[in-house]
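Below are structures written as structure tokens.
Look at the two complexes coming up: chain A is in both, with chain B in one and chain C in the other.
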Partner chain A sequence: MTEQYRSRFRTLTDGSDAPPGADHHIFIGPQHPWAEEPAHFIIHLKGERVVEADIRIGFNLRGMEKAMENKTWRQNTMLIPRACGICSAVHQNVYVRVVDKLAGVEDQISERARLIRMFSLEAERIHSHILWYGILAHDAGFDTMLHVTWRDREIIMDIVEDISGNRVNPALMLPGGVKRDIPKEKADRAQPMLDKLIKQVKYHRKVFTEEASIRNRLENVGILTKEEAKKVTPNGPTGRGSGLPFDVRKATPYELYDKIDWNMVYYNEGDILATTLVRLDETLESLQICKQVLDQLESTQGELLARVKQRIPEGSYFARAEAPRGEDVHYAIADGTDKPDRYKIRAPSLGNIDATLRRMDGEYVADMPVILRSYDPCFSCTNRVMIINEVTGEKMILNQDEFARKAIKAKKYNRPFF
Partner chain B sequence: MSDVLKELEGILNVTLPGNLVEEVIKVEEGHFDVMCNVTNAFELMKVLREDAGIYHLSTISGVEKDDEFNVCYHIQHRIEDEFKEVSINLIITKIDKNKPKTPSMLEFFVASDYYEREIYDFYGIYFENHPFLQRLILPERWPDDVKPMRKEYGWEQIKEITMKITKEGLEEAK
Partner chain C sequence: MKKVLVMGGEALKNQVKGPVTKHVLTRIAENPPPDDIRTIPRIIEDRCIMCGTCVKVCPTHCIEIEKDDKDNGMIWLLKPQCMWCGHCQTYCPVDAIHIDRDPNLSVSLFSFNIHQDYEMLVAKGSYKGDVADKKLSELIEAGGKRIKEIEEFRG
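This part shows the complex of A and B:
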């Protein structure tokens, strides 16, 4: 096992311990126009091919786990969705399930409250997936698709806003149930909008599978086989694109996922197209789950909120949920007071970095944006690229405009970029 | 305990040597807590990884108790035909607080690299045989002896250190 292991997270910032054979090193980030959040990628190239890629993380440590130990369980309910900008509902869902279990109220939560929680989770998955494949199309140079998908994403954003009052952080859940109801008139308003979105997502799927210009950028690029995937343990859609058929909603069902009719999507090809198709098909599945939930809400009644005491009895609990990006893992230890003794959060992107770096080996540098995007990274904005020529030792630090100008010139006069 | 251990052995289809396991608790259906002493941890993980074929590591969490450290490996036993997963929390107990060290599981799980380094950063627990145990998440200027997740460092203290290193950084940039 150890000899197959290749060191990652290990290259020094100046690239001085680069792998043998690499002649150029591309440093991306921590601030870069490609990504929205900070991470430092180091890509070692031989000609046009990637020899090895590495990453440095830790530019955005917010100390959330420490902060949670200093706040009460009640206050943490509103801190925890801030763990992620896009998948806020899923973090809150795992948290409230942990508290429900530790406080011993999980049997008292009504079916209606659980259905509303599920609606929030699935709506989040839909808007996150649509956002992701829109940006993927943008990275592949197909900007028309970016605008089409983001136009259609507004439909689900409007539904979420109508139901919760917020566009991206619905914050509907509380330990013991949910904060708000979904009344019948809002459900009736949402149903035709969901129908329209299903039609649109089917059209998106058609574009991604039939339009040659985008399909060629994704097919047979960055292949991660099942055997490799078992070693680097990706989770969520990245794993399901490589033939690991595991979805936390099926594997250890929570809320009412075992009582709803839905199919898990997985592909065996392992390329970027497979992960894209997983997400496209999942969006359609989530849309039909949303419709089922709204149908069931009509006939299900019950208390929205069960009473949870401030002090949580001693104990520990580990819970997971399927976030749009993969498995979201929380582990809590309570000591009988109103504050947690220890709270551990593992967001899905960290588990997928290894798999993504492995995908890059031997690929063209032109495919890097698509591969880096494939696991739906959560990183931030920047405008600087540093290029070092190893032979002459010459360093160039370029901002976004200069980089673009250089790239256009190189293309126009057909001369090398470096 | 023995009933629960038998049930877990039935699911994993291996025998877990009795002297390695301290205690097994069934939290709920398909969810077990396995306690194990730090000296036996490597042997037990070897059985779980090589005989039972567990390959998925969700995460590792460090825990500070009153008189010891615990390290908890959250692993998933995957049953591919049924699309099911059985969660096992392997809790390594009795890690000495004065000289905290525990075996690294990098030989079994590639993913344990960065989770172990994260715990090394936050708690100062030393992972034996880890080839590259270096800072992963904390800022470069962070003082080496401050392990921020330990209970001895309060919220205010951490804030002070953060402000101090930020000021230093800004001054250096001038």
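This part shows the complex of A and C:
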């Protein structure tokens, strides 16, 4: 059991801790021209092949969960989308669902409000996926594709701006409903734009599957087989590219995802091309959902905002949603006042790090940018645990398993934690 | 099946059309920002009842209120700190707050002097005139002190 879980966080100060066989070590980040996000990668090489890769995160802890304890539930509605730059609406959606449940107004939210929430979520998934595969093409050295995809991404950004008033952070949701309506003239304006975008995304898919220069960089690179994927449990498109058919929208439907007609996309190959195709097909699927939602909005009426009191009654609730990157989990404890007692965010990127490190074993160092990009890294929202021994000053970064094992041992034999 | 030059058509199209950036200025002129774009809030003086809800719900603490027991008082907005979320508009009990539609406003909001750029949203009753001017100078003075403290702290 223990040998399956190798220690990721080696120290190289005296060289003794290097993995056997490695003769070179490459350090990437936390500030690096390749990476927009602050993460520290250590790649151990033998010749041109990767022996093992490590990651260190924790350069961007902003203390948001603590800040939330000092603000009211109403104020936090506008703080929580700032957890992530791109997937802001999904964080807000999970938050408002938590508050709805705790305040007991779940049943009062109208169908129209739920449809508008869904439109916001799917529009966000579309622009996040288009952004991602544009940057992937840039990392693979195919800059033309970057410019083409980002040009077409403006279509969905214009729709979001028209409907919400903001380009990236729509901030449409509130506990009890939504802030703004989508009137008929805006829906009519958006429909032909969505049609145009469907045509463009189909063209992007054609380029990614047929153009030799990009396909050679992605096919059979960084393969994560289904058996390995089951051990490291990636979520979201990373898992669906390796043949794990799991999507929170299908598994535990929230909002109105069970009443809309859509298919879950998954591929069994497990290479980078498969994750790319998952995202491309998902973009088409989301565009189709958006069109359905706009059609249904015409015939659906209802109150936009239900009344939610300032003070949230005592209780705790756990909610999750499918973010563009994977599974987003929130947990809240309310103590009867107008401020949360504790709020915990687990962002999707954290669950995919281990799977991505597995992908690197035995690959060429030239493929590293593409593999590192494959899980859509987003560290500003990822949280982690670092344990510091007060006496010796020793620092340990633990994953969940190691932490649980240490804690159980300490309790069982009545020993100190370290 | 792998092919080469799948994007050849795109390349030819761009060759004829010229750079995309050439059309940007005309495109901005043709497509102005949407009517309900988010900017800073404004208050209708007749409707405001000085209840202070907007101060309580503001996530960035950018609204300040000073009032007496009756309906007299004034509300100030710290403009650069406002993130245009519209919470004050949503939760206002008498619908006194609306979002400004001035398209030129976004230019004037590029201010980094976050401790001095105050704007009067509303003043009622005895709080008008000289009292308001005094309050503004107080606010700016307090902001200036704060800037000085920060500069001393940074060294």
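Definition applied: the second predicted complex is superposed on the first by the 370 of 418 C-alpha atoms of A that agree within 3 Å, B and C clash if a C-alpha of one lies under 4 Å from a C-alpha of the other, contacts with A are read in each partner's own complex, and residues count from 1 in each chain.
What we mean here is this: a residue touches a chain if its C-beta (ideal position, glycine included) is under 8 Å from a C-beta of that chain, and two chains touch if they have at least 3 such contacts.
Since this is a predicted model, take the numbers as computed values, not measurements.
K.L.:
After superposition on the shared chain, which partner residues are touched by A:F246: those of chain B (first), chain C (second), both, or neither?
P.N.:
In the superposed model, A:F246 contacts chain B only, not chain C.
K.L.:
Does the superposition put A:T233 against chain B (first), chain C (second), both, or neither?
P.N.:
Touch partner of A:T233: chain B, not chain C.
K.L.:
Looking at the overlay, what does A:I57 touch: chain B (first), chain C (second), both, or neither?
P.N.:
After superposing on A, A:I57 lies in contact with chain B but is clear of chain C.
K.L.:
Quick one: is A:L372 in contact with chain B, with chain C, with both, or with neither? Answer first, second, both or neither.
P.N.:
Neither partner.
K.L.:
What is the contact status of A:T144 with respect to chain B (first) and chain C (second): first, second, both, or neither?
P.N.:
It touches chain C, and chain B stays clear.
K.L.:
Does the superposition put A:V207 against chain B (first), chain C (second), both, or neither?
P.N.:
second
K.L.:
For A:L174, using the defined touch cut-off, is the partner it touches chain B, chain C, both, or neither? Pick first, second, both or neither.
P.N.:
Second partner only.
K.L.:
So in the superposed three-chain picture, is A:M68 touching just chain B, just chain C, both, or none of them (first/second/both/neither)?
P.N.:
Neither partner.
K.L.:
Between chain B and chain C, which one contacts more residues of chain A in the superposed model?
P.N.:
More residues of chain A are touched by B.
K.L.:
Between chain B (first) and chain C (second), which, if any, makes contact with A:R320: first, second, both or neither?
P.N.:
first
K.L.:
Sort out for me which residues of chain C touch chain A in the complex.
P.N.:
Interface residues on the chain C side: 1-4, 6-7, 10-11, 20, 33-34, 36-38, 56-59, 83-87, 90-91.
K.L.:
State the interface residues of chain B toward chain A in the complex, per the touch definition above.
P.N.:
Residues 27, 30-31, 33, 55-59, 61, 63-64, 72, 74, 76, 78, 80, 83-85, 87, 89, 106-111, 113-115, 117, 131-132, 135-139, 148-149, 155, 158, 162.
K.L.:
Can you check the complex and tell me which residues of chain A touch chain B?
P.N.:
1-2, 5, 7-10, 57-58, 61, 63, 65-67, 70, 230-233, 235, 245-248, 250-252, 264, 316-318, 320, 327, 329, 331, 333, 342, 344, 346, 350-351, 353-354
K.L.:
Quick one: which bits of chain A touch chain C in the complex? Just the residue numbers, please.
P.N.:
71-72, 74-79, 144-145, 148, 151, 161-162, 165-166, 171, 174, 179-180, 206-207, 210-213, 215-216, 305
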